[in-house]
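Here come two complexes built around chain A, the first alongside chain B, the second alongside chain C.
So, the complex of A and B:
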């Protein structure tokens, strides 16, 4: 249903032009869920925005994003407006700033449905109340006329979910929907999203920097680093046999409960940090932080290596690793 | 209307000194203009050569001028002219300036570049000089002066609007709203404009004061309001030849202009502090 082929996203920055996302390809079937995981700055949000046709002013993209047989990258703004919110919905990272402070939440939830002609005037209020109830906001009748600043972060994110799902889109893109929330709320929100996805039979792209969150909530995983895909596969296969050194690093950075009291077993971190987009090296993007780095990693970009059916990694040193 | 936010605003407003002082002075100006529509102590136009240059008295509070007109009445009636100049020119500035500013920040790219360079170009010349040139070309008179002053406040509003609007466009809720399928035009009208309205209103009060000054200058040069319409600028210019005989003729309209301009500026400053406390100057 959604087929991304060789997506490249280029940015014009103050330091010159740079490619922030390189040769990214993936497919999302109807009713399936896919996760994109990677550290901050590796191009996850840009990928999501590219699908929405909402890339920043100073960027341009090549490749194809085929959605229901249309290449989204070649559609004009008017056509994109008909797809956004209607066929593809999106939830953002910052619930605190993603709502207009001047409008009531009722008005903001109703907006997509009105824009896409999903409800008649007389039914709007009832629909909004339904949605508020559906996303678990207590006392919807009172909340419908609240302003965003009167709600907690978790409640606002619920409002955002109601907005994004109001038109029953075919795909929901959730860009770090829980990063700004505290841990107990995180799980509630993720469970809510998952329930609603199942209920409506939607597809989802879930974005997070937390491999744990991704592994628990999606069927297929893409690990991104420095704007490229370094490993991808079905969640079960990938998690049981994590192959790329970067993915392994991400995995050992997931805190677990047993760890807490155990002083021997510290949470591992990956040394170094994600390169700026203008400083992404030729060859393997992870070379600067990889303990297995060799000459070939600096010279060439690794090709896909099949690990098993529906699981592949992009690394020259896979045999050394295992 | 009277929700918590507004009441909070009112509470801060009545404690704000320059807002209260400036607001009162501005109200006084508006009040004068309004009353003078129906009533002035004496007819501000009718001359009475028998009582030229009479000193202040109970009958003529500020005395009379070289034609025997009651100065107090002329000043009162002159406020009408100042207010209409302010209203018309600021409206012109807002209607066109805000529209092209919004256009620039919505379209971005070369449209924005072109509009902003045009504004820079207009900025490069002193506005009052251009207004004088324009009025000299299209002909003198109140209306032309208002239009000329208005035209030269367009770039002020355009720049301000574009800057403020660009800041709003960068907000996350704009992105969220676009992701819901809202078009650029509707976002501009429904999200951007309401959020920059306060900055525009603050600037409008300041431009109002500048317009009153500019009109006084044009009238002083004989390019603005034509006799017999009462105008502070023209009072000043008529007083010029009498400066040794009766200097008070120049003082009164000068004070009237000063009070209005000061009042509007204080009001603008106060409003700016009130709508955005972060911008408030440290005192």
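So, the complex of A and C:
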């Protein structure tokens, strides 16, 4: 349903031009869920914005984003507006700042439905109440006239979800939907999203830096580093056989609750830090921090290597690793 | 060294904040940020404070640091109640306890060089000769894994993880007995977070500092801490050894917290 081919996103920054996303390709089928995981600056949010046609002004992109046989990158603003919020909905990262503080939440939830002509005037209030009820906000009749500042962070994120779902989109993009929330609220929100996706048969792209969140909520994972995909595969296959040196480092760098109690233990670390967007090297983007780096990594970008059915990694040295 | 000597003790510690009056005739509402909290911290161990936002964990840290005067109760460091001290005495006492803040981008003065950022506690708390000052800064900087040449640089030249190392160096320079770290890794990328956590452990091994680690991330607390308290709405709901709390939680709230953590 959504087919991204060789997507490149370039940014014009004060430090010069930079390629933030390079040659990214993936497909999202109807009713499937896909997770993009990576650290700050890996290009995961820009990818989401590109699909929504919301890239910042100082950027340009090449490649194709095919959605229902249309290339979203070549559509003009008018046509994009008809798709945005209508067939593709998005939940943004910060529930604190992405709602308009001057309008009631009822008005904000109704807005996309009115814009896209989904409901008649007389039905709007009923629809909004339905949505509020569906996302689990208590006492919708009272809450419909609340302003965002009267709600807690978790409730605001529920309102964002109600807005994103109001037009029954075919694809839901959730960019770090729970990063600003406490763990117990995070669980509620993720469970809610999961239920609603099943109910509506939507597809979802979930973006997060939290591997636990990704692994528990999607069927397929893409691991990104420095603007490229370094590994992708079905969740179970990927988690059970993490192959790329970066993904391995990332997974073992996280302290987990299952770790054995031992005061001598240390976490494995990846040396160095994430490169600035203008300093991403040619060849393999992970070369500067990789312990298996060789000459070829500096010269060429690695191609996809198949690890098993539906699981691939982009690395020259996979045989050395295992 | 670990002869179970108590280094910090909180006795029925409370901190209430009064909200602005809603009406002239109503009584102002009171928020009980920290409500009758008791605990002891053993020298050389790491003490974790876990809780969600609004549970009062940061207020607790500020009380222990003597930055907030509690509404009731006392904080004893080495058996001295810090709130019975004069401002001068408290300042001298501060040599023994330092703080590492959450946001490495906001907590370093962008207009100062690393040398003066790290030396600032020294300048305030101890009188040191110029040569001494420089060599102590360099020693501390090396112990957190940065280079001697870094002292002439400005904060913007460093990455987030390096900045947090600088903040840790600043806390270490007066050779404190206690370091209070309020969410020290939550602003860092996962791969860098591990580096800083390992550094904290190494420093404890070599300097024998006592940590008070405040975090919402249960796995981080489990990795670093020996003893843990779980806070909810200003009260301690459960306390005990990290092993006990994480493998065999007793209180409902602790169980809900642990269950909510996504695993893979």
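In this text, the second predicted complex is superposed on the first by the 310 of 322 C-alpha atoms of A that agree within 3 Å, B and C clash if a C-alpha of one lies under 4 Å from a C-alpha of the other, contacts with A are read in each partner's own complex, and residues count from 1 in each chain.
Convention: contacts are C-beta pairs under 8 Å (C-beta built on N, C-alpha and C of every residue); 3 or more make two chains touch, one makes a residue touch a chain.
Values in this document were obtained by computation on a predicted structure and should not be read as measured data.
By the touch criterion defined above, A:115 lies against chain B but remains apart from chain C after alignment on the C-alpha atoms of chain A.
After overlaying the two complexes on the shared chain, residue contacts for A:64 are found with neither chain B nor chain C. Contacts of A:274 after superposition: chain C is touched, whereas chain B is not reached. In the superposition on chain A, A:99 makes contact with chain B only, while chain C stays out of contact range. When both complexes are overlaid on chain A, the residue A:163 reaches chain B alone and has no touch with chain C. Of the two partner chains placed around the shared chain by superposition, neither chain B nor chain C is touched by A:127.
Residue contacts after overlaying the shared chain place A:82 against chain B, while chain C stays out of touching range. Of the two partners chain B and chain C, more residues of chain A are touched by C. On chain A, the surface touched by chain B in one complex and the surface touched by chain C in the other have no residue in common. Of all the residues in chain C, the ones that touch chain A in their complex are 52-53, 159-162, 189-195, 197-198, 201, 216, 218-220, 222-223, 226, 242-243, 246, 256-264. Those residues of chain B that touch chain A in the complex are listed here as 108-109, 171-173, 175-184, 191, 194-195.
Only residues 39-40, 153, 182-187, 190, 209-213, 215-216, 239, 249-251, 253-259, 261, 263, 265-270, 273-274 of chain A touch chain C when the two sit together in their complex.
Residues 52, 54, 57, 77-78, 81-86, 89-90, 92, 94, 97-102, 111-112, 115-116, 160, 163-164 of chain A are the ones touching chain B in the complex.
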